[in-house]
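Across the two complexes that follow, chain A remains constant while its partner is chain B and subsequently chain C.
Here is the complex of A and B:
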């Protein structure tokens, strides 16, 4: 049986939630080998065994701290992929995932596709967006092994408990100081990342102020959602860029996307059209968003959103 | 100081894309400079303006029409351009990077290279890395802040949840720009007129003897079916939200 390597990305000492969906995707292609870069395999092994990882590898390169040296981290993943004989190396298409997978692919001289929404390990094809989500391309990768980043929430995480072997794999890397991470500045909010969210509620320019986003925050709390914003709202200073969904912001794929006061631009849809269900709230019955959503509410978000929050509260 | 900016000629994100055959699209649409590349152009032009010396050279791999895209970035302040011509709608990232590398090394020494972190047509997100491999230069993409001192660039990139990573990068290096780095300028008429007289050197891609080793090809291209009209929920606000919650919970099972 062939082996698929998965980069187990961690954030603040925890496995990134969307890694589990990637593991389930990988399991469709063969035995799953997890690669870790922070030396914590023992901490995560039970959690990963529950989703079908059969082998967990702590990659180590002397005293190199991978979080400080992205070039070494990419090279370590590449060496891991080669030494463990995987036919594909996959991971989450997050900022860190994309960066390290791209570096690994360069070191492997392997074909690379990022932000894929589907992958088929049998015929080495992936599907990904082209033209801001207006088309889907099927790409065929040739060669011994390919590298692929998967858009968060593209695959359901499915439990598949089994046994797991944990190993530490030492590799030789000549470290370079061409690129050094000198600091990481945490986001003020401490909020969950938009791309990881299964429910998102977003506000557009009609939000009119950053204070008004509180009504979305309140509703999000009941929905267990993360709050997003349109480019117009971000450019107007109502929300930080880290909350922006769309072409020049985050690409998200939640189960439920509720757009409040969004017009429905192509650029916004490029960032969220792969959501499972889209609900639009807008006062303008002719807003383009109503022609490309699943459910529409013609009404003032300042009335509808608090009413929705109350309704959810009532049913708790 | 010489800064190269790599620019891609792409369909406007608002353009309606019509798929033709299995793996092509109708090119009778409005084309623009890849929006992410414009952040790179703005940064390069500003740096040279502030230094009061040096030049910015744009390099593009694209069809004949790409000359218009090069004119648009020259109107933003780029001094001259190199166009590596190809009629391929989707030249692969590997071949593109090889062509960019060849054009740059044949032209001169780069102190810095800027480009967008991705293109908005094929959304590959990897040409900066491939160019880095060709030129043996360090690469950082998703750059939202840049400064430099001596042979070190200090850049920031946005990571998860709005957190920012600061990196020290040895120059020359390749930086993939994204939104947040700056506000690209809108050229005024005199700049647009002046740009028409600036040099565009043309090279045929086929004359460079490069081989695509990306090992990746487009098998098919399919249009995405847009959702049809939303089901509009009607009634009083109270009735509407109650109906919505019921649908989301019981029919769609998403909450």
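Here is the complex of A and C:
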């Protein structure tokens, strides 16, 4: 059975949520070999075993800190891919993923496709969306190994518990200091990135203050969601611009979007219209958002949201 | 004495020759710059008789200047006073060189009358200056540039006028100064100076000395002024009249069509100062920094880095900075004028809402937007430098023909089940309704579309829409400088329009109205266009829509820039409101009609973040609240969104309604 390599991307010592979907995609093609760059395989092994990773490889190259040297990190992934004989190397098409996968492909002299929405390991093809989703291109990846970045949330993460072997793989590479990452600054709220969130809960102007966003934060914690805001709430100074969803803010496509006190202006809707399920909470039954949502709750968000949080707590 | 007069002749001849020589050289250089810039300027002016009327009305009549009352009257006094003293100064110049020269002996009647009038008008200049000085030193409005340049001019000109009167006074009392002409009783003002200072009692030699002293101060100041003008902001004195003469005669205008297919073009839009055309340059020369544009500008008013006055000033400075390169043909070295280190940054450029308040108020008809819109073109097409938020908007416009990226094939969905046919279903409509993107996709604006649809049905109008065949009109892309994208969208619509050859196009969106009426003809689609504010009024006037007697409450009206300032449609919406509301005209806001204040969404600002200064729409919302009206009416989907948001921000519950929605309320019960 062939092996598929997955770059296990981590952020703040945690596995990036969208990696699990990629693992499930990889599992359809063969045994999943996970490649880690931060040397903490033991921390993650149970989590990864639950989703079907059979082998977890801690890549190490002397004292090189991969998070500081993207060139070395790319080469390490390439080395891992060759040494473990994988037929494909996949990862999340995040900024880091796109960077490192491209470097790995260069080192492997392998074909590369980023931002794929589908991948088929049996016939080595990937699908990409073009012209804002009006056309889907199917690309055939030639060569004995290809590299591919998968758009976040394209695959459902499916639990597939199994056993996992953890190895540390030492590789010998020359470090280059052409590029050194000196610092990573989080923009604005420092919270998780809206564009990659699977669940988003957003507040509009009726939030009335930045303190009130706490009720959304509480609910988000239970839902594993990221908190967003409408332009009106951002303009009023209740939330930073990095939280703004809409035409002039972030364009998001979560699986679940909960809008609290949003009227559903066209500018906001344009930023979240590709959400799979939209739930609206608003006191005004004529709010345009209701015509766009799958579920509508007519009610005061200050009652509905805490009630929801409470219910989620009970279920834990 | 003869010796002295001979010496004076020689000195005056040399001074005059030198002053006029320097003046000529400076002016010639200004002309050469106009001839050496690369942009393709407008051709020979048309409608000369009409332009001569403009010259009389705007320049001699000073009508535009007096749109600002006090300053305008002050300017009028200064203008006419200065014109009036010119022949007098000329006579004195000639007399300086040819001592016996005197016009008075040739035509005494006319001469006396002229001096009488000039003496009064000259004095009135001082009254004008008094107000100007009061404004500069006491009032100090923010929009006035306070600087050495302006103060020097006031000093120069005051000296000229004061010495004018003193010379006149000397001529009354001194036989030497009078040159054998009797000036007694000719000067009403200068005559007072004579008695005030008892000049008659002075000795003849003192009188002569005074006359010569005043004469030389007067002449030297005039000559100094002459040499100073072409290099200062008072170049205005020379360039204003020609600039006004060459102004666009119509209020309506189009963004300049760029030939994007031109394979030889090395650059698009306006990037470097040598790419201006001669008319642009004349515009820059004509500015005297009166600051009226800045006073009206919504961007400046809300603390953004843009001021139309500053842009003109900075472009003029940039032009003079590179003038050697322009004249020597050494243009490669010229650097683009927009940069983060120069006075014109990209923030300046993108702050403009294209509301045209600056152009409208400019007393010398400077076309500020010609600079701004062309510079945006360069930024987008050549540098790909534009606010990041526009990226998605551009992509959506390109892919789906609307700024939000809704699927293009759902454009006509709003009309389903309303009985509004598409052009396929009704190929011969009297009215082709061009709906526009906002009115097709934005739920708020769709409410307006639905109200209008019902009104049209009630009035029995034979109407059709283009449905899927319609594409966004191109206003956003064009005003955001993406000429390539705009032309792509325009061409698509032009093809659709030419296929159905509409008798008349109706639209409820001022941006679409403006594009269809003023910009589409350049692309081969020239059809009569009517805005729904005009069309609904027509239907009411023809009794095709019968209004009931209910009152709507107090209403104020917000002028959309693209309806009002761009197209002069000020009266129809007001007339419609008054007919709907038992003859009550709308309550006017402080800034209204041609001085109306933008909502903040024009010039593609609708799709950009407003991160600088305060919010324009909130500023306007406060003004709406000041009227105490129950509701605000407008006739533009973008204005309505902006005002609604602004009023919400101010926690006001004043309703914002479109004219069609208001009218719909007045009709539904009796239909």
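Please note the rule applied: the second predicted complex is superposed on the first by the 200 of 316 C-alpha atoms of A that agree within 3 Å, B and C clash if a C-alpha of one lies under 4 Å from a C-alpha of the other, contacts with A are read in each partner's own complex, and residues count from 1 in each chain.
FYI, a residue touches a chain if its C-beta (ideal position, glycine included) is under 8 Å from a C-beta of that chain, and two chains touch if they have at least 3 such contacts.
Small disclaimer: the values here were computed from a predicted structure and weren't measured.
Contacts of A:113 after superposition: chain B is touched, whereas chain C is not reached. In the superposed model, A:205 lies in contact with chain C only, and not with chain B.
In the superposition on chain A, A:91 makes contact with neither chain B nor chain C. Judged by the touch definition given at the top, the superposed model places A:259 against neither chain B nor chain C. After overlaying the two complexes on the shared chain, residue contacts for A:291 are found with chain B and with chain C alike. Judged by the touch definition given at the top, the superposed model places A:193 against chain B, while chain C stays out of reach. Ranking chain B and chain C by residues of chain A touched puts B first. Legend: residue contacts after superposition of the two complexes on their common chain; A:248 is shown touching both chain B and chain C. Of the two partner chains placed by the overlay, only chain C lies in contact with A:232; chain B stays clear of it. In the superposed model, A:143 makes contact with chain B only, not with chain C.
In the three-chain superposition model, chain A touches both chain B and chain C at residues 131-132, 134, 241, 247-248, 265-267, 270, 273, 291. Taken in their complex, chain A has these residues touching chain B: 11, 16, 70-71, 94-96, 98-99, 102-103, 105-106, 109-115, 125, 128-143, 146, 176-195, 198-199, 223-224, 240-243, 247-249, 255-256, 265-267, 270, 273, 276-280, 289-299, 303-304, 307-308, 310-312, 315.
Contact residues of chain B toward chain A in the complex are 11, 13-17, 19, 23, 25, 35-36, 93, 120-126, 129-130, 132-133, 138, 140-142, 154, 156-170, 173, 178-180, 213-224, 226-233, 237-238, 240-242, 244-245, 247-248, 252, 254-255.
Residue ranges of chain A in contact with chain C, taken from their complex: 131-132, 134, 205, 232, 235-236, 241, 247-248, 251, 264-267, 269-270, 273, 288, 291. Interface residues of chain C facing chain A in the complex, by the touch rule stated above, are 389, 392-393, 395-396, 399-400, 403-406, 438, 441-445, 607-611, 615, 641, 645, 648-649.
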